[in-house]
Amino acid sequence: MLSYILFIATIGGIYGLLALSLNLIWGGVGMVNLGLAGFFAVGAYASALLTTVGHGPIAAGWLIALVAGGVAGLVVTLSTTRLREDYLAIVTLGFAETVRLVASNEIWLTRGTDGISGIPGPWKRALGPDFNAVYFLIVVLALLVVFFVMRRIDRSPYGRALRAIREDAQVAQVAGKPVLRFKTEAFVLSAAIAGLAGALYGHFTSYIAPDMFLPLITVYIFLAVASGGTGRPAGALVGAYLVMTLLESSRFFVEWIPGVTAVQRAALKELLIAVALIVVLRLKPSGVLPERVPPAPRPS
Amino acid sequence: MSLLQITGLRGGYAAADEIVKGADLKVEAGEIVALIGPNGAGKSTLLKLIAGLLRPSGGSVRFKEQEIAGLGAPAISRRGLSFVPQERNVFGTMSVAENLEMGGFIDGAHARKRMAELYERFPMLSEKRRAAARTLSGGQRQILAMAIALMNAPDLLLLDEPTAGLSPRAAEELFGTILALNKSGVAILMVEQNALEALSVSARAYVLVQGRPEHEGRAADLADDPTVRDLFLGGKAQPMLRGNGDSSNKGTGDFT
Amino acid sequence: DPIKLATLTPLTGAGGPYGPVMAKAAASVVEEVNKAGGVLGRRIVLVSEDDQTNPEAAVRAARKLIDVDKVAAIMGTWASSVTTAVAPLCWESKTFLCTVSGADSITLLPHQGFLIRTQPNSKLQVTRVGEFILSLGAKKAFTMIPQTPFTQSTFDILNQVLPKGGCAHQSLIYDDKKTTYRTEVDQALRTSPDVILANGYTPDTVVLLKDLYRAGFKGKILGFAYSINQKLVDQVGQPEVVEGVYNFAPASAEGSSAFEKAKAASGSANPDPYTCQVYDHINLVLMAIASAKAATGEAIKENIRKATMSGGKVVDNAVDGLKEIAAGGKVDYAGASGPCDFDEKGDILDCKFRYEQIKAGKFTLVKIA
Amino acid sequence: MIILQALVNGIVSGTLLAVPAIGFTAMFAVLRFPNFSVSGVATLGAFAGYLAYGVGLQMAGSLVVAFAVAGVAGLAFDKLAHLPLIKQGALPAAIASIATGIILENVVRLGFGNAPRGYDRPIARDVFLGDIRVSPQQLETMGLALLLMLLVFAALAFTRIGKAMRASADNPELAALKGIRPERIATLASFVGMGLVGVGGMLLGLDSSIDPLTGTRILLSLFAAAVLGGLGSVPGAVLGAFLIGMAEELSVLVVGSQYRAAVGFIAILVVLTLRPRGLLGERAY
Amino acid sequence: MPGTMPLLEIKDLRRAFYGLDVLRGVDLSVAPGGITGLIGPNGAGKTTLFNVVSGLVPPDAGSIRFDGEEMAGWAPDRISRRGLVRTFQVARGFPKLSVFQHLMLYGRDQPGESLWQAIVGTRAAREREAALAERAWETARFLKLDRLIDNPATALSGGQKKLLEIGRALMAEPRLVLLDEPTAGVNPTLQNEIGERLLELPRRGITVLLIEHDMGFIARLCNPVIVMAEGQVLTQGTFDEVRTDHRVREAYLGRRAA
């Protein structure tokens, strides 16, 4: 049981990174990135290829994942600068689909739908069964670093400018904020974090394939951020673990339901997750930890 | 019995936070009443409570001798009460003509005739009848908002700063329109920051401060009351166009 | 203290049409065995999880099976990507894995013996398909296939086999999520093929067959039995559309008693090959446990081949086999999907193939070879 | 030649997209959030129509059943789950609609399992017009789609209730002040929009087969169509559906069928860069 | 002010919307260090002029020189950072941001707005933030918004939103501020106080161009006054000069002024 919980906590941490990434641009600038899974995939593939085909060190894989995610983010923002917010959503969705198609079809590079197996884990041999625990700590470390960076941004003038852009980009421009620069930086940073999450994922499970990066994962992360609370890093984290808990606990719950077939049980499980999320959203429309307006510092 | 009789009305935007804290106020049939007060006093909130956009947390609103508190805006408007809000008072994405049509939603039968009348009264609207309301200038939008409210021939008209953004000439014309409407029997409750002008066309007035009517009386009396003048009407500085061109401190800006 | 085993089949997602029946077949076998007293005097508990046809979800589900349920074996993984994702978890935790995925790469993984597969690998299968196409007298064949782990090897093998027999071969990869394939069909028909290999799954093959019919294709069509089966015929609804279409499958030992048992276990008159294979998985695993007198993954790995020892008593279900083993005998399980003899990599050694043709809405046997 | 044929094919597949796209965009025009649960509702409509057809209703009757069932279910979810969140903005409502889409998909799965099913309806061979082949049944579908489009378009553009819908989308408070009851308008929009999506699901099922993922399969193309034409524009959705249909078919000739899905998005990217509000802008009519 | 170069010089500025000529060749200039009034009938094109000058709407033709630099076609943020800030006639803002955040946002030269400094949190950023916070409080107090300083902008009354518009512009310390009916909807008493405050601006190096329909306000504050009508400048001069112009009376002031 413990190792299972450890495993889920690790995957939850990776979801948490994705949620923080999404929160930065959705909660922060109000850009909707429905292509999160695409950036996740780019990072995972970059790092997997570097460490398997390229025999590079794992740390370099993580680094390259950050960079690859960021570069993908840059390409997407630059090609969508003229698009309005809701349209961006559709285009990013298309980006993720395209990434998946490329991963499936460009076999020379990605090994196609076979996927890449044998991705090394750090000190995996030496650690043996302790690997999961150590990797959990690595993920938690990455999560904490990203979390604190996000919190810093959230509370800084930079975050304030991002929010202003989210609320009304035109007025923000009148206030002198270079909207394009802010959006690009935020999107690139967010994509880089998603890329890192991808690399962390690949080195943990040792195998990646195009089917791992279905839009469903983006959906989970959106549900996480929405139920946790947009616009607040802590909300994103809470949401990620909330979704993970729902995903996993529903497994045990449906085992108790008698007289249903396997497929009905699977359907009930997904139903349960969705219903639970709707209930959370109805009870807490702004999420469990809603965005706060920070009080002005009182003059001394 | 008054046309509109409000007693002890309370309410605001969130249950915890009352903005209007017990207001007593009435409008007789065929009367023009002004409501003035500092920014944030709760004037707009009071009007929204009456019109049913906000649900009162206490007190009573009787209109044509029936309780309307809590009925909701569509039902209240169907009883002959029209409200022109201060903000967001037109349908931005729809054309001027469609805006007017929506104004007459309840009473579609007479819409065509009224529209023609309004086009005549406000020729600008006729010129712009195909333009999306969002493209109108600030003043044009104000006129449209007023016209929308007139489309369903109300018995009581609530106006929230109808002349804000109007040129002096247009403001004057609008006050003319208000008087004319009043002559035809429409009662008017009007919030104005163009306060002296408003008082000059009103019979009675209330001064709302922090959610309560602090002063009330005949409009002319309030306009001359020194406390009211100092606190709410801009004190010594008089709008120049009233006091026959007295512009003693005009152009005193020390330009270098 | 029960023995815990698991099925991990696709109950939702693209594999959704197959997984539920698979899980059901395994569950019925377990029920039978429990009724007959279990294995080693212990009851069997079969946990069923959904791999969602998605390796990410499958990994989480497998983790739960391994860490929480502590199952000794996981059976029935279907999509190759799911199997590849789950396999490392299994061999690292010494859990036995039985799969129906066909990608060649799977048995090449360093699985240390913790994996067997009942599905012939794609090389074996496609070679047989090629030979069959030639036997139909084809001069120009065309393959339509979605992007899967078999796609490339299918092309490679057919491009070898067919030209040798004097048949030209062309192919096209399509997107299996589309609702029409008119232009794809136009593309194929432009090469005026006399045989079309429709190599997708049921939902897309239904659309494809309808579009081929609408376009007036007069040549022969063939496809794998996992997609061209009774369900497909029912869905198409109109017998003319599928008239004369061939299907092809590793011979579930048709007519064999095991096949009849699998029918009963799955509650389906026409169990697809995957269902037959999972029926075999559970039987093999149960008998392996009995032979080992231990219910661990390690024990199953060491003893799985003892369930099919030549010279043993031929059985077609675990209940009989367990009796024989308990009595100290040897067994030779003859499965619903075939003989179930494995090489050291975990691939089945050989299998027969079964060819059928639809006539007036019914499948009629062409040959088993 | 083959290009011409591909274009014709594109129009045919475009019509299948057009009906649910009209429903989706019409709802967007009034309720102002992208309702992702159209995937589940389309599936539900397909199954409702399937059952009705199965018990012996004619095609028209089954379409009505599909419309009604999808409309009622869509409406219920809008009231219970989506619209209460709209105060928080369009996105929370959109997110909730993803969840309700999952709910619907699984309700269908709970009742019908995963196995695909087909309508028991004769399939006609294509007819040749010169060298171009067209399917009579698909022409029927196309006619139906165009008819529905005209109806919805006319309703939004010319009728009082249609204008009231747009008014309450534009400024709900003011609409209420004018005696329009925004909840009723929202109810109507949800019902009709979702009804159309259900009909779309059924038409799709007639052409191929149905299973719990029927709606999900078209979700991306459906969005692409609506966005390409301009979110909230009914004729735009139809135009977008045709264009996406044609772009996808042509892409089979150019980059190969496996990259079909990507082509739609590239088309959107190009169009939106040139026309940021879609081809026909965002006027609802 | 002969000899001084105009701070803002607009020549033959044109803009049409769907064939409707809204700006039909506007020529005007604003001298540094004063308060210039801009009046004209509703729909004359005053706000459109502000939109074009502030970069929100690109001009069809014409030149806009600010401090000697041609900036027609520049992006709004670039114009703003050069020191030309405008307010909106119909108050606009960031609904969920507090009054305080609105004010802070308009502060110029914020090191904390670079991503790097935001993450590491440099001293320069902190000090600038503290200095701006002090100014924000002061501004809020003056506009009687200090009680509401943590209110989100949606929870302000109509007049308070207009006050916040003024406050933001003041926070920006621009060289030229374009005020679009800054006190429409503001209580007369507070309006007078704001007038006083605006009078101080030129001394602090801030030049003002303001649109108003309140003639008392224009009379007290503005010299010169520019009159626009139908997309062109009709006339310009001291308030008394333009007031007596019969065209101005006819089109703008109305009967009682005559």
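Each chain gets a letter, A, B, C, D and E, in the order it is written, and its residues are counted from 1.
By definition in this document, contacts are C-beta pairs under 8 Å (C-beta built on N, C-alpha and C of every residue); 3 or more make two chains touch, one makes a residue touch a chain.
These numbers were taken from a predicted model, which means no experiment stands behind them.
Asker: Smallest number of touch links from subunit B to reach subunit C?
Answerer: The distance in steps between these two chains is 2.
Asker: Taking contact as defined at the start, I'd like the list of chains shared as neighbours by subunit A and subunit D.
Answerer: C
Asker: Please indicate which chain is farthest from subunit E, where distance is taken between mean Cα coordinates of the chains.
Answerer: Farthest by centroid: C.
Asker: Taking the mean of the C-alpha atoms as each chain's centre, how many Å separate subunit B from subunit D?
Answerer: 44
Asker: Roughly how far is subunit A from subunit B, centre to centre by C-alpha average, rounded to an integer in Å?
Answerer: Subunit A and subunit B have C-alpha centres separated by 51 Å.
Asker: Centroid from C-alpha atoms only, then distance subunit C to subunit E, rounded to Å. What do you get?
Answerer: Each chain reduced to its C-alpha mean, subunit C and subunit E end up 74 Å apart.
Asker: Quick one: which residues in subunit A touch 2 or more of the other chains?
Answerer: 104-105, 261, 263, 266-267, 270
Asker: Pull out every residue in subunit C that's touching 2 or more other chains.
Answerer: Those would be 11-12, 16, 19-20, 147, 173.
Asker: Would you mind giving me the full set of chain pairs in touch?
Answerer: Touch list across chains, by label: A-C, A-D, A-E, B-D, B-E, C-D.
Asker: Touching subunit E in the complex: which residues of subunit A?
Answerer: Per the stated touch rule, the residues are 149, 152-153, 156-161, 163-164, 166-168, 170-179, 185, 189, 291, 293-297, 299.
Asker: Note which residues of subunit D are touching subunit A in the complex, please.
Answerer: Subunit D residues touching subunit A: 34, 80-81, 84-85, 87-88, 90-92, 95-96, 98-100, 102-103, 105-107, 109-110, 113-114, 220, 223-224, 227, 231, 258-259, 261-262, 264-266, 268-269, 272-273, 276-278.
Asker: What part of subunit B is in contact with subunit D in the complex they form?
Answerer: So the residues of subunit B in touch with subunit D come to 51-53, 72-74, 77-78, 82-83, 85, 88-94, 98, 101-103, 105-106, 108, 148, 152.
Asker: Would you pull the subunit A residues touching subunit D in the complex into a rising list?
Answerer: 26, 32, 79-80, 82-84, 86-87, 89-91, 93-95, 97-98, 101, 104-105, 219, 222-223, 226, 230, 261, 263-264, 266-268, 270-271, 273-275, 277-278, 281-282, 285-286
Asker: Which residues of subunit B touch subunit E once you look at their complex with the stated criterion?
Answerer: Contact set of subunit B toward subunit E: 13, 37-45, 86-87, 124, 135-143, 160-161, 164-173, 193-196, 230-235, 237-241, 247, 249-256.
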